[in-house]
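Heads up, there are several structures right after this.
Two complexes, one shared chain (subunit A), two partners (subunit B, subunit C).
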Partner chain A sequence: MWIETGHFAAILALVLALTQTTAPLAGALLGKPAWIRVGRHAAIAAFLLLTLSTASLVISFMTHDFSVRYVAGHASLNLPVFYLATAMWGGHEGSLLLWTWLLSTFTAVSAWRHWKSHPISMPWILVILGAVLVGFLMLVLFLSSPFERLFPVPMDGRDLNPLLQDPGMVFHPPFLYLGYVGFAVPYAFSMAALITGKAGEEWILATRRWSLFAWGMLTTGIILGAYWAYYELGWGGYWAWDPVENASFMPWLTATAFLHSVMVQERLKMFKIWNLFLIVATFALSLLGTFLVRSGVLSSVHAFANDPGRGVYILGFMSVMLLFSFGLLAFRSEKLKGSISMKGMVNRESAFLFNNLFLVVGMITVLLGTLYPLAVETLSDAKVTVGAPYYNKVFIPIMLGLLLLMGIGPRLAWRRMSSDRLRRALVGPLVGGVVGLVAAFGLEVNHPYGVATLGLIAFALFSHISEIGMALKARRKRFDQESGPVSAWRLVTRNKRRYGGFLVHLGVVLMAAGFIGSGLFQEERNVVLKVGDRTSIGQWQLTFDSLGKVSRQNWVADQGTFIASRAGGAPVVLTPQKRIYERHAQPMTEAAIHAIWQEDLYIVLGDSVGEGWSVRIYRNPLVSWVWWGAAVMGFGVMVAMGQGRRLRRRKG
Partner chain B sequence: MNTATKAILLGVVIGILALFARGLGNNPRHIPSPLTGRPAMPFEAPSLKDPQKMVSLRAHEGRWVVLNFWGSWCASCVREHPYLITLSRIAQAKDFAMVGVDFRDTREGGRRFLQRHGDTGYAHAFDPDQRIAIDWGVYGAPETFVIDPKGIVRLKHAGPLYPGWFEQRMAPLMSVSQSQAAGVTQ
Partner chain C sequence: MVNEESNNRKNRRWLLIVSLLLVAGSLLTLVFTSFNDALVYFFTPTEIQAQSKDLEGRKIRIGGMVQEGSLTKVEGTQKIRFLITDGDSLVPVRYDGMLPDLFREGQGVVAEGVWRGGQDFPASQILAKHSEDYLPVEMTEEGISKAKSSILKSLK
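Presenting the complex of A and B:
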């Protein structure tokens, strides 16, 4: 009877979430600290109860309890254990429960960690997070309950969608949700700042670390999704500007803008209202993402909720949140206005300003592209889709602009900079940029975007290298007894945030190279091959060696064996498959990928045509740079996250 | 923040919300199915009303077929039921066939549903263990498929059908020349 326990725990958690919303509100208004403390305890208790709920659902999966409707719909006896344990978020109801549980986790953590450091904002943080929790718990309990029983009990479940039976898909949703939900805490902090009219130093420290965490998770989640699409969907690409992909990309853009502009606030006390706007927009866009996926308002591969009631509810909930937050922002922000204004254009804060401009314009173009089909369909009943051509046209220039700023920004000083120093600061990067352009011609890159990207990548790279070189030289001058490596190590560990950020930039550079390589220079070949046939793509000579059958726990597959050879490399064997999962009629393609540093060879086995098989072969240059770039970014975030703790310890 | 900024900010937020509200209200929610453009999965199952008779898709080969998945346990099915009765009348006029599949249900429950909400006038396959529904990748109920005379699935509609659905969604498909069949619509 695990599932009833979980259901009951979730109902209790709703009561506690209501308490968490109301008690601190009353406590703050009436000046009763004890009531605020009630809210804190409620938050922690709600977290424990929701943990029990989530665990009960996982246990039902692990024990194949098909009397639970949700388990019957998303698992089967033959589903491997790994996917069984994670099938909990394989569908709508379970993923909402996961969302809710993560939210309560973060609520409890912030109630516990920030209790002493943020006495003024605390009641409001509890109220805001409590209200969001109530909203999501009501959705889980009343409109999409994963706790329902099914009668008569089926002998076996309907199995997990085979597309989701992949490690990439197992980790993609939780990371994405960690990102989405992680922004709830900075959002609550900024709401508290607007309500109390106070946003002090600790506000920045707390929100910045939470946003950094959420941003890192969101980045990882998005990349895992792209990686999954690349491996599992078999169309040779990894990003299709699908509405739901855009939904995760938009909060990423505003969050990136926030992480940059909050530094200006920390340093110069400027951009206060702008930062609040960015945080509110980020969380609003996270909710929008959830709404788009869960309401079925846009047709997309990701959306499959069939009950319009849910859509209406989520829309209602989102309207309340958005109108309240943006209304508060519009009418209360005067209280927080800073008194310092911009001076001059050539300084670091204006580089941040432009960075924000580019990112927010990027967000708006994505938002327009995402909403346009909906607007057209609503107003004229025609159906249009906005695809890659639009986004490529508008987004690549924005990306190039950001790369340029990334090269300039770190070299600029705060407030004011003499033109002489500016010249010296930019010589190194400019030389780098020229090297990049020359390299582009050497590599016979003939697309203007390709040339520009290569130049800008080199520009940004040289800018960071010379910045690190200068800092290192300055340190060696001050501590002349230190050895080189010790100096470098100390330089980085003394300012983890800065060098963590540099690492993230390095990741961006790698990814930009990957985007351009795979976007502009992909080669595709569609051929029909019989066993023994040969074909070629790029530097690769391919032989269709044999065709066989393979089977595993819950699928059987036709598997082609291809031998690929190239000059200067040992031949490799690739085995693309066409899988038929038990209980699913539709065949799944499993692409075979061989990655070397400069390109991926990617083979998809299609249908049998007469005596042969249709085979799609792609040569995807530099794709793996995207994944490595993301890994470097993730590492950079971890380095940067190390900083806040140190600051606090020094203070306390 | 000055008044103009305030107005723009709140205006944009309200505009987007209003757009969603309208989109939610009249969006026909046609979800691309991996099955569209592929040959229909054949089935044969006992009829809901008369277990002696068999209902199959093959019986309608050479005609357009509307295949509707439902169950007596499904609230949205009640909502779409009046339109199904209308559609069966349209089917006679426009010469296409309709087949129902009552899945995850009891025979008693399915029969009582038809008694209470009106008989549709076409045959329903009875699919208590969801064999057909699983083959067709049905996520929820109701779901409706349109199959062309060559036996290719041309359209999947998730959620209840609504008045005007035939004219909006199915009639255009029927008028498009059949040589362009596979894969162009969803």
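Presenting the complex of A and C:
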């Protein structure tokens, strides 16, 4: 019963989305404000209806309604309640409904929040978001409906893929989608700005928080996916340059470029066309990400749906979007030419330019590696994969270049800088860099990339510290009655955006250390152990203590107990498992991980081999720095989002 | 004086453009040179038989089904040997290491390694299909059905 309600609500929502696309368009062209208001109400009503629709699917899961094909395919009577409630996005159809619902939520929020502040752009924003909503609703309703019934009704469902029965996998898709869909709003604003011919700085200021929000969510989503891969897939790593991972990484790269280059436009009114290009690329790559993952063209864990119809549809949808956006951009580009040009090398806008260069080359690298195999397969029928070495070779230099820029950029002035001031600005960072290099020798880092990373990390860190120190000193000179902590607090809260950005940079530094540590210095050991056997890795001494069976609601497992101690320290117990889920024949490995700040000890239990068990042990240096770095980044984004429009007013 | 100033500015702009091009150029060179080395082509056992000589020393992937009854283990180690089949041809594969969860006889498998003609294929990595509903996309419908019928034959 519920599912029909949801289905009907979704059909009504499609009608409303069509209204939202057409009424404001006619209203803006014919000068009828009432029609634009119709579009706004339609947007809000469509959101309410899609909320009902999404809720109906969740309710069908909660009530084990296996007469719904999608529920029968992704749940079972024995599935724990937590996974039951979130299985709604465990498959293709439901996750597209989630995408659509998030889009309608954001549409309703922007129609509500920006209605008064952006009266001229609003009709076009409604039209564009409405068109995207129509596109996705048609996909949901006609090509991948989660509302279909199944007859005869099975007694029990086919269960959720055990790989997905994990908290990391539960939160990974919604965050990723919040990021993907979040970029729809800046995209719509940018297009509205182009159409109305007011492509100044207004759209960038209006969507600053949206872009930050979307970027923060996308980052979180990607990291959650990596974290999940790390402890669930049992291969000792977290990033395999799998096409699906790449799909989410590409919009991240262009979005990061965008977040930096908009500052140049705000400040100097330059890079106008470039910023529009970046936001179009980001949203297009978000659609491409959805397309790659959801069409089944890639051979990957995620490609559970193999339906060319959907692929063709999303491809068509993307082509229309790209033709429209770039067509509009080309058509209007004459108007956007700025009067100010670049002035020399050593200033902040050049640093941003180089930052964008690195990020965009990164995006091209990933795009090439991801799409080339598809192109080869389509054109020549040969099958080819692009290995991880390609990406690593290119991305380590890109990361180092970005770290270098991160150390220089914040210390440079806009436009022009005297060589004297430049020298003073770079003394601190250079001292830091030297300290880093010395530290690298002290720690006996024996890989050139390791040494370079450590030097550049220290360079960037010292640069930020001396920048904050100088700003603090200047403030205390002006307000000499303030106490130190009060000064520091006010400094940060008066420019949350800048210091939020610094926090994000700190997160990047931590992550860079983690990438290099775990990427270059991982140790791996493949052994066959009998109960009672000992082995070692790095400074760890391990004993295979015992083997037993454990069981939970819907699985049973062989569980090995390992006792490990590092350099004679206190012993820790690790329990890797090999689980068999009910209704699934294949076993699933559950790695056991013991994390300390220097490194992770990571144990995977394999098959029984004769009297022993095959065991794989990894020592992963600095892995947890990646997760902590991501947490710092997330916090930085929140601080930066705290900055409202005040920035603009203060500048006059 | 004014002229010198504007000349100076022009020079600096050129410097910027040239250094941008240099950085972009060297990065893109890096991209394209690394790219060709990292390409790993996929072959079925039949294709391997046909061009064994050409593939000598190249890193490749071989895909098919694990022939039923072909899996042998060296007791007490992780060393295994098995045959990959596409229904027509067989390729013997050696591997030493932990197997993926989903590896078993009669199931789809992809082995990666450097091809040395005339001996067992020394796989450095074994990939099995990741979920029960999923077959490696590299396998065509035809290959799967052929491999299955061959498995049925081997059962008789």
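To be clear about the criterion, the second predicted complex is superposed on the first by the 640 of 652 C-alpha atoms of A that agree within 3 Å, B and C clash if a C-alpha of one lies under 4 Å from a C-alpha of the other, contacts with A are read in each partner's own complex, and residues count from 1 in each chain.
Keep this in mind: contacts are C-beta pairs under 8 Å (C-beta built on N, C-alpha and C of every residue); 3 or more make two chains touch, one makes a residue touch a chain.
Note that the structure is a prediction, hence the values are computed from the model and not measured.
Q: Sticking to the clash and touch definitions up top, decide whether subunit B and subunit C on subunit A clash or fit.
A: Because the two structures are overlaid on the shared chain, the partners are seen to clash.
Q: Applying the document's definition of touch, where does A:273 land relative to subunit B and subunit C: first, second, both, or neither?
A: In the superposition, A:273 contacts subunit B only.
Q: Regarding the shared-chain residue A:81, is it in contact with subunit B (first), subunit C (second), both, or neither?
A: neither
Q: Give one of first, second, both or neither to describe whether A:350 is in contact with subunit B, with subunit C, with both, or with none.
A: Touch partner of A:350: subunit C, not subunit B.
Q: As a test of reading the superposition: which chain, subunit B or subunit C, is in touch with more residues of subunit A?
A: C
Q: Is A:486 contacted by the first partner subunit B, the second partner subunit C, both or neither?
A: neither
Q: Could you say whether A:438 touches subunit B, subunit C, both of them, or neither, answering first, second, both or neither?
A: Neither partner.
Q: Should A:584 be classified as contacting the first partner (subunit B), the second (subunit C), both, or neither?
A: Both partners, subunit B and subunit C.
Q: With the two structures laid over each other on chain A, which partner does A:375 touch: subunit B (first), subunit C (second), both, or neither?
A: Once the two structures are laid over each other on A, A:375 reaches subunit B alone.
Q: Identify which of the listed stretches of subunit B (25-33, 43-51, 79-87 or 115-123) has C-alpha atoms clashing with subunit C after the superposition.
A: Clashes with subunit C appear only in stretch 25-33.
Q: If you lay the two complexes on top of each other, which residues of subunit A touch subunit B in one and subunit C in the other?
A: In the superposed arrangement, which is not itself an observed complex, subunit A uses residues 296-299, 301, 303-304, 584-586 for both subunit B and subunit C.
Q: Going by the contact rule at the top, pick out the subunit B residues touching subunit A in the complex.
A: 1, 5-6, 9-10, 13-14, 16-17, 19-24, 26-27, 29-32, 34-35, 38, 41, 76, 129-130, 134-137, 139-141, 143, 158-159, 168
Q: What residues on subunit C touch subunit A, complex-wise?
A: Going through subunit C, the ones touching subunit A are 9, 12-13, 15-16, 19-20, 23-24, 27-28, 30-31, 34-35, 37-42, 61, 73, 75-78, 96-99, 101-102, 130-134, 136-138.
Q: Give every residue of subunit A touching subunit C within the complex, in rising order.
A: Against subunit C, subunit A makes touches at 161, 163, 296-301, 303-304, 341-345, 350, 353-354, 357-358, 361, 364-365, 368-369, 372, 382-390, 393-394, 397-398, 401, 526, 528, 578, 584-589, 604, 606-607, 609-612, 614-616.
Q: Could you pull out which subunit A residues touch subunit B in their complex?
A: Residues in contact with subunit B: 154, 158, 273, 277, 284, 291, 295-299, 301, 303-304, 306-308, 311-312, 315, 318-319, 322-323, 326-327, 329-331, 333-334, 371, 374-375, 377-378, 381, 583-586.
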